[in-house]
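In the two assemblies presented below, subunit A is common to both, partnered first by subunit B and then by subunit C.
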Partner chain A sequence: MTFPWPVAWALRAFAGLVLVILYGPLAVAVVLSFFDQTGTSVDWSSFGLQWYAKLFANRGIGEALVNTFIVGAGTVVTSVVLGTVFALYFQYGGSPWRGLHRAIIVTPFLLPPIVTGLSLLIFFREVGVPRSLLTVVIGHTLLVLALVYRTILQRLQSLSPQLIEASYDLGATRAYTFRRVLLPHLASAAVAAGVLAFALSFDETLITLLVTGSDNTLPLRLWAMVRTGFTPDMNALITLILAATAALSVAVISLVRPQP
Partner chain B sequence: MQTVKHRWKDRLQRVLITTLVWTPPIGLIVLPLAGFLAYSFFALDNGEIVHRFTFGNYIRFFSDAVFVPQFLRTCLLAAGVGVITLLAAYPVALLLWSLEGRAKHLMLVLFVIPLLMSYILKIFSIRAILGGRGYLNTLLMAAGVITEPTPFLLFNLTAVFLTLSIILFPFTLLPLFVTLERIPKALIQASSDLGGAGWLTFRRVVLPLSWPGGVIGASFTFVLALGDFVTPQMVGGPTGLTFGRIVYSQFGLAYNWPFGSALAVILMAAVLAVLALAARIGRSQGGPP
Partner chain C sequence: MGAIDITAPAAANQRQAPLSMSRPLLVLEGIEKGFGGAQVLHGIDLTINDGEFLTVLGASGSGKTTVLRLIGGFTEPSAGRILFEGADIVSVPAYRRPVNTVFQDYALFPHLTVAGNVAYGLEARGTARDVLRPKVAEALERVALKGFDARYPSQLSGGQRQRVALARALVLEPRLILLDEPLGALDAALRRQMQVFLKQLQREIRTTFLLVTHDQEEAIVMSDRICVLDAGRIAQIGTPHELYYRPASEYIARFFGDNNLIEGRLGPSAAAVRFVETAAGRLMVSTKDQSDVAEAPTGTPVKIALRPEAIQVAPGSEFENHLSGTIRDVTFAGAISQIVIQPSGETARPLTIKLASRAAGLGLSRGQPISAGWRSADCRILLR
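Then we have the complex of A and B:
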């Protein structure tokens, strides 16, 4: 639909304003990451990468980053495998209970993260599972599973049943059909879902706060740093993470975008 | 003989698959939620959790003068965040929808980046802007709007409201945008072929078909705003207490897990009621499933 030009320009102006509000705080941080400042007065002559250098010498950020990658990888593998198995069960399992099964899987995504986190916290305590990165992976997996499952199920439902029948007719076994017909069809959906799962896991804060042990992921490390007060190398960190996020967003959108 | 053996193997396989497929959701979703519900009926005795059924926690919630008003205030705050993001998201979604090709892709990326950007760092950068010596104050003073820094911008509920609105905006925008994208082009064409002027087409075709998506997006935002405890803690200060913070504190300093669970159950009930309502609106109006 095309809008008459005054409306189109009004919409553009408004969207621009929203972008300024969304990005303004981040832009300020990016600019300031290259300068020294005292209070709100900025020393504009101090342009340089000094805060980046300081950041890399910093307090547990590297360790937290490694933990975050471990958790992210664990979450991607677990959620994609479970998501695929559950989607296959829904589509081909022929169970009258499959609707209930799906509803249960989607639940943690719909609940506020604090409820999912608390129920796991209580559960781990009652069962006697010590909190660690493993419990964080479980929490993250439950959160992203709904999205991964949906993405893969949608792809599965777009597969014509005739293709599978044809494969059987040609004498292929179930395992062979799965490997040569189903898996290739699901591959790109699984990759897209995996990237999305990683992106969500990378920044998950609320559930992680509740189910982690003594190990910090990056968001928790940041949360601890922010609470102890401001240091200018935070601006450098904001800049780096913004750049990484922008790259990741482009990847996610290109993958998730429905093919024309 | 062969077939009997075959059937037996088939049945074994079926049992194995069923067990495999049902164990994770039941073990890690249903049981923890059930345990959490059960905890809300337990009590605390000398810092020890007593596994004995009682309504005490719920009675405390409804009889204490603090909790109910606090809960309602937080609901109102979250609803406000939902409404304001919806009002802001609608024009943006319309613009995204009307764009084509590369421009559309680029704008979509721009609006999605903040969604994936570190949550803590986003709050942190907003806090730096809002602070008493922050840039918004400096800017307002330079523009002559105020003569001295206003403390109203940080460490209160207004700051929580502003910060949550900025952070959760994409959650309202995306479902709305997806719903707009699903409107068949032929419908718009038909409306204008029948002489529906632009405004008429918008009011009679686009608006009715897209607002359920907006309601669903805003209700996601409501849910996230209601349960958040990190944002209020970072920008709320002592007066910006929200229900999520109270729940969280029961698992930290206050150390009363059963009471915290009861509070979270009440939070969950509110969330489920809102989601059910949104889903109903979405279904009756043909929004996203």
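Then we have the complex of A and C:
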């Protein structure tokens, strides 16, 4: 189907306009992160990485970045291991409760993060768990496990039972089959799920805010900076988070895409 | 391979010794199998002899794949025994059975190369790398896939994948290779080529093959013996020749090629023949090897199976059965022509005749009167 040219042009113009209005502000922050600013006027001759330098000169940011990576790594390992184990439980555990188990794992992703965060906060306080990066990892795992679990389960369910039988037929034991057939089959799904988990953990703010102790992550640092007033190095931080998220998304998409 | 191959391992030499075709390798004894209420196999007794090419033939739902899965160890019988060289292997897990399977969809490991797939079974057994390499190379050469080691299954054609699956089983030197509709996914020309290849391979390596298929032509071409399954029961076991010329039942007669089935009632017996009263008159049928037919009471309703190619036009006196009628139809089909005749008896059913087209071309046309005949030895009485 082809549109008459005025309709086609109107569609293009509309699409372009929406793009500019909705996503333009992000571009503004990215552009401004490379220039000096006085008030609202931009000094276009000042192109450089000075705000990035200033950002990293600020010790809080470096520490927040390290914390973000610690939490991300912890979340990836925990969610991928749990996701794999739970997917195996669902597929081969033979439990009548597996459907309920799956529903419970998926729920936190659909709940408002503030509900999840607050519930965790109340629980940690009642039980007397000191809030730290560990509690942040628990909160993030709760959130991302739903996606990690589903990704791995889906891959597991795409494994032809004939491949398992072929392995037995060729003389492989169950353990050998698990190692040589099942795990390789899950590997790329697990990597994709891990990257996804990291991307989600990287910019998660609300749950982190509620369950962290005195440790800051990057989004929390940004949040704190906003509250004390705008400084141009925030543009640099926004740009960094944006770039990291975009890179991770591309990685996920290329990993999840089915192999030819 | 030369007549004397000094490099071959001792086991291989031993396997090249003449095989007695009657030595049973695997015996199914009274096998019953049900899946949640549905009985799939009823009292299957089947002996697979060492070195033979046996085909289990049946329509879909006949239970033929279940037979193969029972032998492979992927499912257990509800009752009965599976004896491998006399020892019951029902409780032996699939990975310790001396049989290997070529799966219907090949079931190649997609994350392993061709060489990786073929080496898999040896690696699972802990075979040393320097022993394994030449074996894998030899197996790939045997299936004409030399130089394909590093490819992945997704980079191969259907026929090539099929041969990888075969090499993967061959390399383990099993006593029995199970083939589950191995040619089903190939196109007609490739299928015929593979039929010849498989048959030659089986002769060369002298390993017992058990093929499962629904294709009767494939079964006839490849098998030493065929076991026909019908709804979970063995309908007949025999050589392709026996099944074709001496069907035990109407089901078999219909299953293998074309047959005229003439309804009638048993009449009197004579020496090694029995007369049958039909709408086309009294016919004489040989009862050789059929004591049940010779002894059945007169008047029993039966069918006569008569091959279209066994009927002669304008027969001489050596043909015991004669009938006359008119030609209803003539169809030219290349080398042969098919003629349908209407016998003159009022309720007689039409008969189909197949003639070499050269003979049929001698002025046979629709509506023309014709006489036809056949020998008593070329037809057969079917009690069921």
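For this structure, a couple of remarks:
Everything below uses one rule, namely that the second predicted complex is superposed on the first by the 239 of 260 C-alpha atoms of A that agree within 3 Å, B and C clash if a C-alpha of one lies under 4 Å from a C-alpha of the other, contacts with A are read in each partner's own complex, and residues count from 1 in each chain.
The rule we apply is simple: contacts are C-beta pairs under 8 Å (C-beta built on N, C-alpha and C of every residue); 3 or more make two chains touch, one makes a residue touch a chain.
In this text, all values refer to a predicted model and were calculated from it rather than measured experimentally.
Subunit A is touched at more residues by one of its partners, and among subunit B and subunit C that partner is B.
With both structures placed on the common chain, the touch criterion links A:181 to subunit C but leaves subunit B unconnected. Looking at the shared chain after the overlay, A:160 reaches subunit C, while subunit B stays out of its contact range. Within the superposed three-chain model, A:197 lies out of touch with both subunit B and subunit C [touch as defined at top]. Touch criterion met: A:120 reaches subunit B, while subunit C stays clear of it. Residue contacts after overlaying the shared chain place A:12 against subunit B, while subunit C stays out of touching range.
By the touch criterion stated above, A:236 is placed in contact with neither subunit B nor subunit C. Residue contacts after overlaying the shared chain place A:170 against subunit C, while subunit B stays out of touching range.
Subunit A meets subunit B in the complex at residues 1-4, 7-8, 10-12, 14-15, 18-19, 21-26, 28-29, 39-40, 82, 85-86, 89, 93, 95, 101, 104-105, 107-108, 110-115, 118-123, 126, 138, 142, 199, 203, 205-206, 209-210, 218-219, 222-223, 226-227, 230, 234, 237-238, 241-242, 245-246, 248-250, 252-253, 257.
Residue ranges of subunit B in contact with subunit A, taken from their complex: 17-18, 20-22, 24-26, 28-33, 35-36, 39, 88, 91-92, 94-98, 105, 107-126, 128-129, 133-135, 138, 166, 169, 188, 198, 201-202, 206, 223-224, 226-230, 234, 244, 247-248, 251, 257, 260-261, 264, 267-268, 271, 275. Within the complex formed with subunit A, the residues of subunit C that make contact are 72-74, 93-96, 99-101, 103, 105, 107-109, 111, 120-121, 123-125, 154, 168-169, 172. Those residues of subunit A whose C-beta lies close enough to touch subunit C in the complex are 160, 162-163, 165-173, 176, 180-181, 184-185, 259-260.
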